[in-house]
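Down below are the structures I want you to see.
Two complexes come next, and they have one chain in common, subunit A, joined by subunit B in the first and subunit C in the second.
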Partner chain A sequence: MRRKLSILVILIAVLVVLPGILVAVGGGYWFRVATTIGVFIILTMSANLITGTTGLMSIGHAGFYGIGAYTAALLATNLHWPFYLTLPAAGVVTAFFGILLALPTMRLIGIYFAVATLGLGEIIHLTLLNWVGFTRGPMGISAIPGIALDGLFSASDIVNYYAVALAVVVAAFALGRLTHSYYGNALRAVREDDQCAASMGLNVVRLKIQSFAFACFFAGVAGALWAHTTGYISPADFRFSESILILAMMVVGGLGSLPGAIVGAVILLGLPEVLRPIGDYRMIVVGAVMFLSILFLPRGVLGETSVLAVMRRQFGLAWDNVKHLGWRQ
Partner chain B sequence: MFDIFFVQQLVNGLSVGFIYALMAIGFTLIFGVLNVVNFAHGEIYMIGAYAGWLSITIFAPPLFVVILIALAIGALAGFSLERIAFRPFRRFRDEASLKSKAMREATLLSSLAISIIVREVAEKIFGSNMQTIPQDYLLLTPIEIGPLSFASGQFLIFGLSIVMLGGLQWLLKRTRVGLAIRAVANNPMGATYVGINTERTIIATFVIGSTLGATAGLVVGLYQGAIFPAMGFAPGIKAFVAMVMGGLSSIGGAVVCALILGVAEAVTTSFFAQGWGDLVAYVFLIITLIFFPTGLFGGGRERV
Partner chain C sequence: MTTTPLLEIRNATRRFGGLLAVDDFSGVVQRGERVGLIGPNGAGKTTLFNLITCFTPLSSGSVRFDDSDISSLKSFEVARLGMARTFQNLRVMPNLSVFDNVSIGALGAFGHSPVAALLHRRGYAEDISRRTWEVLERAGLQDVAGELAANLSYGKRKYLEIARALALSPRLLILDEPAAGLNDTETAQLGQFVRQLSDEGLSLLLVEHDMNFVMNLCERVMVMASGRKIADGTPQEISRDPIVLEAYLGSDIENEGEAA
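Right after this comes the complex of A and B.
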């Protein structure tokens, strides 16, 4: 009961109240801001699955985001696929690349894994930049068809908002189920001590690859949404600094906490909009917020442990430690 | 094989490699002592270049004074970096928390945050455009040796790098500070027990590493003539790759790998387009991590 009520409240907030507020404050521009925030919420939540829950620090997430965006853009412009096909296709292709690229790096831990993902992200960025015949290089891909269905709706800011909002809700639901379950606990065990987890019978490498694949899938979907909502992508959108921005969002929100990822994305992208007069100083604000939150809130705004309790109470997620103590509930 | 063009590329690659080596040493020293990665090292490089450019445009001193100013600014930057981004996170002194994952990640992120702030502030103050060094200071006078042609900047890079590397060896092997750095790198608790001031040693490490990084930035600014806020990123990453390839805490290994990287890049650039040259470093990085996780010159380590 409580669970259905909480989900209903969230759906109403995202699909009715928030668009209402956006229309009230003037629509247009604010819808685009909300769309950007939504794309980054998906990115941060997906990166959070690898970095926060599984404990593999990924600083190349923008590369996978870029693969998704280019997949969707190329499919839509060259083969004229509609958005409802390019979105899942981008996710699947990105997940495939994620597995392919991550397989050899899976045995690395800690800083070595972080460095390897940095390398992968940069390799992807440089490939997008230099493979002019296929990706059109630094010119980018323009005139990507927007999110539209013949006879039902055509591309507009509001349609973009609803598409992204629905994707955010679906991603949050899927990632929430993944992280607040027996499976999520296994991932946390891998994070805390992978050798110990392996000796308890968990297949550590498989878990790591799976979480990487899930995260890459959603990063790809986020990329596809970005491509369709903005209509233009270039390699500059998928640089190392975007990976850092995603990382900063996770850290500010709280590593390993799904609502934290959402809050982090909203803070780091919303703050520069609120502080419009000093809008030029956006990245300085990002850096400062990141630094201060590491210093004073090492667990983030919404820390993982406190969020787990809320999730359990409000959504019936996670596990009930009285009734269902044990395996695979 | 002994094509003139090829030898020329080799020399160009070596001069780039020495730049990477100067930066990689900074990374290696700091990693050795604190077991953390300093992501703000590229910004020290940028600060060194800007210090040189500012001193030249404001009062045009002779070249060695410019170098000294850059060294001093680099040392100051290293000191402040340690104070701001690393010290606040060393709240506990015991070995377990000094080596803990949380501490490593916190300092990694804090140095990243500081590097963003420094770069953006530089962009706000100086603009994101390239600054150019006045013609008199640009070290591009061609010097012909037989059929080969070198820029005078390359000699400065070679000379300065060799002097600095030699000086570093002397410092680490013969002076008290160097001995303390090596002791702390080897065993921080043991070093504390025999009376070494760990805090001061860590600051000394940052100052030395940052001085080398700032020199690298200054020399590149003088040689290539392009100074911009984001200039530290690419060399920083490549120096980092060299450090990983060299085995994380081996200075000699880092230098050798930095030279290999520089030459490999120059050779790739001459065969393919410019853009693909940057890819070499990352491919080397991935290959090293997969096949030689302990680095080409690293000793046995616990786990990577």
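Right after this comes the complex of A and C.
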């Protein structure tokens, strides 16, 4: 009962109160800030499934976000698919690429996996940048149709807000069920000690691939939302720095925690907007928040495991077995 | 009633570079039997355990469990067949609660599917939590079920590791130095607990340095030195065997060097 009540409160807050406040403070620009934060909440929550829950340091998430955005943009501009088809299509295509690209890296451990995902992110970015015939390269794709349904609603900031807000709610619900369940325990066991998890009958490789696939699905949906809400995308939106931003949001909010992912995205994207009056100094404040949260909140605001613990495991495991350096047999 | 042994190790050999860690080891564990494996440090006991549980691949030889060859399986598949183990250096998951730690074993037994999680399947979750509570009560951990594993005492963590293995509903329980680091009272209690499990039909294979523990608990003892099996018999036979005494006490320098 209390659970149902709290879900209701959250839904009212997201769907009624927040848009009300945004309209009151002047709408327009603030709605765009809110949709950007929403897109990054989905990205951070999904990356959190890989890094926070399953314990694989992924620093190529922006690449998968890009695959989703380009899938939606190309389907919408070339084939004129409506948003309700491009969104799930972007998710499925991204999950497919996620599995395909992750398969060879699944037996890599620790820092080697992190470096491999960095490489994947860069490969995707460079492909988007240089495959001019297909992606239009650095010119990007413009005039992507917005989120609209004939006769019901047309593209506007408020419609964008609601689309993103609903996607955030659905993603939080699905990822919440995946993590707050016995299945989530299986993923956490992989994070804590993958060999021990295997000796308890868990299929570690399958669990890793599944968590990667789910995370990539939602990264793809986030990319599609980005494409439809902004109307223009270019490879510059999906660079390595975006992956690091997602990682920072996870770390500030707390690894392994879904509410933490939301808090992290709100802090790191909201602060620069709130601090706009103090001009360029605001990015220093944002940096300081990241720095201080690492110093004083090693588990982040709401995390269930500390960054250091994950990092130590990342580095420690890599030298576990000298003969198969960086690999799990 | 089958008469074949539950676990049968045939000429198991494992090389690490030039080192023969396990050298042509053969041995069996009968159904319901309590078998001890002893030997000086570096004899290859833990390596042998890793071979049996398919953590490390065999260089040659084979391992049969319940009449089927498991040599080429992966460790998670072997675990699902009913072979559960604990580790020499405790490997509980410190950031997870005691309950969640034990549920890992139950997950191994019941399987893990994201579909069940997404659809919130009641029956599946109830199966796992029932099994987890059963085992927690069995190991006397029900009162600390909500604690983080990191907060448990060393002794309790030993029980936690055994409980997690029991949640798999194994037929063979492999214990790597269960009594290490425990005082005499705790060791006696653990011995009693393990004997109870065995009385209920669980087969046991354990490595232990505490000779009293092994001699009291086990019906049969295998002795390993320098990767080879040098003796196999009842505790009484073993404690009188001159070859075993020599391996442990070292009658000449050459032997000592090998055992180290």
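The rule is simple: the second predicted complex is superposed on the first by the 294 of 329 C-alpha atoms of A that agree within 3 Å, B and C clash if a C-alpha of one lies under 4 Å from a C-alpha of the other, contacts with A are read in each partner's own complex, and residues count from 1 in each chain.
The rule is simple: contacts are C-beta pairs under 8 Å (C-beta built on N, C-alpha and C of every residue); 3 or more make two chains touch, one makes a residue touch a chain.
Computed from a predicted model, the values in this text were never measured in an experiment.
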First (subunit B), second (subunit C), both or neither touched by A:Ile147: neither
Who does A:Gln210 touch here: subunit B (first), subunit C (second), both, or neither? second
Considering only touches as defined above, state whether A:Leu225 meets subunit B (first), subunit C (second), both or neither. neither
Taking the superposition as given, does A:Ala95 touch the first partner, subunit B, the second, subunit C, both, or neither? neither
Please work out whether A:Met200 is in contact with subunit B alone, subunit C alone, both, or neither, and reply first, second, both or neither. second
Of subunit C and subunit B, partner touching more subunit A residues: B
In the superposed arrangement, which partner chain does A:Val252 touch: subunit B (first), subunit C (second), both, or neither? neither
Could you tell me if A:Gly287 is touching subunit B, subunit C, both of them or neither one (first, second, both, neither)? first
Which subunit A residues are contacted by subunit C in one complex and by subunit B in the other? none
Would you tell me which residues of subunit C are touching subunit A in their complex? 16, 53, 55, 57, 74-76, 79-80, 84-85, 87, 91, 93-96, 100, 103-109, 112-114, 116-118, 120, 124-125, 128, 164-165, 168
Which part of subunit A faces subunit B closely enough to touch in the complex? 57, 104-105, 107-112, 114-116, 118-120, 122-123, 126-127, 129-130, 240-241, 244, 247-248, 251, 280-281, 283-284, 286-288, 290-291, 294-295, 298
Listed in rising order, subunit B residues that touch subunit A in their complex are 37, 85, 88-89, 101-102, 104-106, 108-110, 112-117, 119-121, 124, 233, 237, 240-241, 244, 273, 275-276, 278-279, 282-283, 285-286, 289-290, 293, 303-304
The subunit A residues in contact with subunit C across the complex are 174, 177-178, 181-186, 188-189, 192-193, 195-204, 207, 210, 214, 304-305, 309, 323, 329
